[in-house]
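Below you'll find a set of structures to go through.
One chain, subunit A, links the two complexes that follow: it is found with subunit B in the first and with subunit C in the second.
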Partner chain A sequence: MMQHQEQKLKEVLARIFNVQPEMITDDASPDTIENWDSLRHMNLVLALEEEFGVEFTDDQVVEILSYKLIKIVFKEHGVEFVQ
Partner chain B sequence: MTDTAGVGILGTGRYIPEKTLSNELIEKQCGLEPGSILAKTGIKRRHIAEDHETASSMSVECGRQALKAANIEPEQIGLIICCTFTGDYVYPALACKVQELIGAKNAGSFDLMANCTSFQVGLTVASDRMKCDPTIGYALVIGVALQSRYIDWSDPESAIYFSDGAGAAVLGPVPAGYGVLASDLFTNSRVFEAVRLRGGGSSHPMRPENISAGLQYYEMNGMEVWKQVMQFQPKAIKRVLAKIDKTTDDVDFFIFHQANQNLIHFLMGRMKQPLEKTLINVDEIGNTADASLAVALHDAVVAQKIKRDDLVVITGVGAGFTFGAAAIRWY
Partner chain C sequence: MTLVRGGISGNETGLSDMLALINSSDDSQGIPVAFNFLRNFTTEGIEPYLHYHCLLSALKPKITFGNYDMVHQEVLDRSSHLYSSSPDIIVAALYLDTYLPDGWRASWSADDVMNSLAGLFADIAGNTDAIIVVNTFVPPFYADFGISSVKDFSSHHNEVLRLNQLIRAYVFSTPARFVLADWERFVRLLGENESMDYRFWYMSRSPFKKAFLELYALELVKVARALKGKSKKCLILDCDNTLWGGVIGEDGLNGIKLDPHSYPGNVFYEFQKSIIRLHERGVLITICSKNNEQDVWDVLDGHQSCILKREHLSAWRVNWSDKVSNIRDLATELNLGIDSFVFVDDNPVECGLIRDMLPEVTVLQVPEKLYTYPPLLNRDGLFDTLTFSSEDRQRSQLYRDEAHRKHEQAKYETMDQYLASLALRVTVHPATDNEISRVAQLTQKTNQFNLTTRRYTEAKISSFCNDPDWAVISLSVQDKFGDSGLTGVMIAHKEGDTGVIDSLLLSCRILGRSIEKVFVLEALSIMSRLWPVKTWQAEFAATPKNQQVAEFWPSIGFRQSSLLDGHTFYTLPFAVPELEPISYIAIEEQQ
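And now, the complex of A and B:
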């Protein structure tokens, strides 16, 4: 289940940023993915909320600016990943 | 008007210059990929004042429209607020010139600067003043931006967004329970420098060395803007609705500052509200800054998207950064 969640998260990011899922590594961020711009970040927020059934706080919306940070914030919403 | 009566919007107007600048031209001047402006902002074109058009001329045009729509004579206006940072002069206030040009001889007049939030703040100040002093009778609130003269058209951070324009609203007495029900304003000055126009300020007067340094142009950190909007605009809406014990689901119509079509889609999506409950005109006229909320409100009224008894939220975000929202029960 937790591995499935990880794969699902990578697929969402890959789809939004229009890159191969292999490019979504633990270090993924706007610094490593050129397409991670303001417009696509907004789309990412809405897609993550829909796909995982969570509702980010207004502050979290601008905190989730890397793959690692997304997982940390998801954990606060009860979404677990493989460590 | 009794002290229990409301203050509502009785008429609106707008003025947008006819001259346009195309995306193709801006993309060429800024070295951007063809089609990138539309994809990033949803903006198709921007409207630019001709040399003969001024902040005062645009204000007068939309102000007269609003007076006509409200069926109010200029002499009945007791207060004029021009919401702007691009008045004809640094001083006197633009509102004073507007008073003279429209013949509102009984009005007190001043300018208000809260950048793209300013029309919402102007509505709030006017309605508060009118509730404190019913002898004011009617107020004319104008949002106007003549910003094309402060844009470096080769700077993609600002050139892709901004337009000139003006919008106006006449406020007057309405029955209790209608009109402006609550307002909220807060500021996050930690990002004071993120969007700025330094030239002409007292720290950077219009002297040759400052002009040579390009300080007469807008400077904008676009990335910081969207972070501010994403984080704080929903808070502004929630704060004003909390004051009247309502939620976003109770709102019939939202008027947003028209900065970026994608941002408005995002905000409505986050609030889980259908796009039918808002109006978008930034695609057609660009970001008209101080005028934006007023023009969007006018367009919504003209399109009959707002009707009596609707709960309307007008919300803006502007440099500073200022965040504001007003909840209005439409009369």
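And now, the complex of A and C:
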């Protein structure tokens, strides 16, 4: 189940930024993914909320600027991943 | 094709899944269409929805955005995106808060803003040959001055509404170039909660949520489809459980469900209206049904509530062959491409077969929730053409009707003259078999103009009809504006040489025109011919809701005879009341 969540998260990011899922490493961020601009970040927020049934706070919207940070914020919402 | 259900919900496909389809789409497929947005807010959020719905319509979109809030500059600068992207469709996406930053403070006039908008629109139109989509504005959701705002006709709110009307009129007057994306309608459909994204408005100047953006995108796709010649041109209809409820071959002419007044016949009646409207827009209507041909003609030619007639049809295939061959045949006969057809059927097997064998045909299945059926043909804009979108057409029709009524009312000096102009026509006769269920329904629903408020089942009404000592008389009303249908009932029986009026009721919507008097007069004369009665007995049973008819019997010449437990009894010592004929109502007795 948790494995599945991780996979799903990578898939959402890959789709939003139109890259191969292998590109979504723990370090994935606007620095490593060219398409991760402010406009696509908005779509990322919306897609994550839609797919995982959470609602980010205004601070979190700005914070989740790397794959690692997304997982940390998700944990605060009770979405668990494999460590 | 799965499109959003008329904006009722835009949440059928997730953004992530849409992007998966977009990322994997084949670049060599689809008809190219280029959109350029001239905008004064962050509009990029629409891109995935617009792209996705273009793909579903076999269009390959190129979507570009002009610089943020540089609308005029983009138009003036010949090297801007507006020109370099060679758009087919220019979307002038204007948000009022940005267009009129001081609008909240200073009073402004809709006419001035419209003048400035019209200047901009004319500049765009003069410099390009694209179709230009303009929008109305989102009216404020809350009143400027709270509860006292209604008195303040110059308020921001009212001015936005007035401006929207001016924008609609502008678009309406320039149908060849401009198309409307009616944002005000979008928020009316979706509500504030589904439309407005305040989080991203304040954080990124991106004011709309997915449902709104998807609705907006769908309107743009309709424009693209129409522009690229992908409008559907021909409707292919199944018959049983598609044009009417039930199976004509088994249920017979009186057994099928099709009438304006009772469920589920009224759903099919409503659906037929949408077919007639498409016919009036120039869409070809055809039938493809597994049936005996004569059975189908019996309904189209002979069923009183079947408004779809043989003369509406351009072609038909009513036989027992497979529908794939029949549709190919129809395409040849009408000289149309298979891709210009929309096929409607209730049978999932037939629908699946057509989807598999003729994927170019748009297949619409009659929904299981039958009450969602009537807007099926209208909601996705499949038949929309640029010169007259379905919306504009309906709007213009409504305007015409309303103007017509107003004009009529203003023309006459007295009420009687106005009533005379309505060309009222009433039909009074013993209830026929296919009227029984509507009669029963009226006895169950009518509260105000109801003298005794006796509720009857269909079975009971049926037994009255078959009893020679009882009579059920129905009233139907028409005027030149339309058909009100079966809206009045009298039930009576005879005891020796006295006729006893058991029930008299009329639907509220036909009151105020003295129809009730004509009805009683006519009903009593019909029954006097059935039964040689010398006197009539009538009754008023008071309820909390029927006070308006407490004096009805005396008003037409009945005399009070007794009073018992809240029931007042009246008698009329003649077979037919002596009433002045009402000159402006024509009476028909035909069955």
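Following the convention adopted for this analysis, the second predicted complex is superposed on the first by the 83 of 83 C-alpha atoms of A that agree within 3 Å, B and C clash if a C-alpha of one lies under 4 Å from a C-alpha of the other, contacts with A are read in each partner's own complex, and residues count from 1 in each chain.
Definition applied: a residue touches a chain if its C-beta (ideal position, glycine included) is under 8 Å from a C-beta of that chain, and two chains touch if they have at least 3 such contacts.
None of these values were measured; they are calculated from a predicted model.
Chemist: Touching A:I70 in the superposition: subunit B (first), subunit C (second), both, neither?
Modeler: It touches nothing on subunit B or subunit C.
Chemist: Is A:S38 touching anything from subunit B or subunit C once the two structures are fitted on A? First, second, both or neither.
Modeler: After superposition on chain A, A:S38 lies in contact with both partners, subunit B and subunit C.
Chemist: Determine, under the contact definition given at the top, whether A:V12 touches first (subunit B), second (subunit C), both, or neither.
Modeler: A:V12: touches subunit C, not subunit B.
Chemist: Quick check on the superposed pair: does A:V61 touch subunit B, subunit C, both, or neither? Answer first, second, both or neither.
Modeler: In the superposition, A:V61 touches subunit B and subunit C alike.
Chemist: I'd like to know which partner A:A28 touches here: subunit B for first, subunit C for second, both or neither.
Modeler: Neither subunit B nor subunit C is touched by A:A28.
Chemist: Please indicate which partner A:L46 is in contact with in the superposed arrangement: first for subunit B, second for subunit C, both, or neither.
Modeler: both
Chemist: Among the partners subunit B and subunit C, which is in contact with a greater number of residues of subunit A?
Modeler: Comparing touch counts on subunit A for subunit B and subunit C gives C.
Chemist: Which subunit A residues lie in the overlap of the subunit B contact set and the subunit C contact set?
Modeler: Comparing the two interfaces on subunit A, one with subunit B and one with subunit C, the shared residues are 38-39, 42, 46, 58, 61-62.
Chemist: Residue numbers of subunit B touching subunit A in their complex, please.
Modeler: Listed in rising order, the residues are 39-40, 222-223, 226-227, 230-232, 234-235, 262-263, 265-266, 269-270.
Chemist: Give the list of subunit A residues in touch with subunit C in this complex.
Modeler: Spelled out, the residues of subunit A in touch with subunit C are 11-12, 15-16, 18, 38-39, 42-43, 46-47, 50-51, 58, 61-62.
Chemist: Please output the residues of subunit A touching subunit B within their complex, sorted ascending.
Modeler: Those residues of subunit A that touch subunit B are 37-39, 41-42, 45-46, 49, 58-59, 61-62.
Chemist: For the complex, give me every residue of subunit C touching subunit A.
Modeler: That would be residues 14-16, 19-20, 23, 42, 44-45, 48, 199-200, 203-204, 206, 210 of subunit C.
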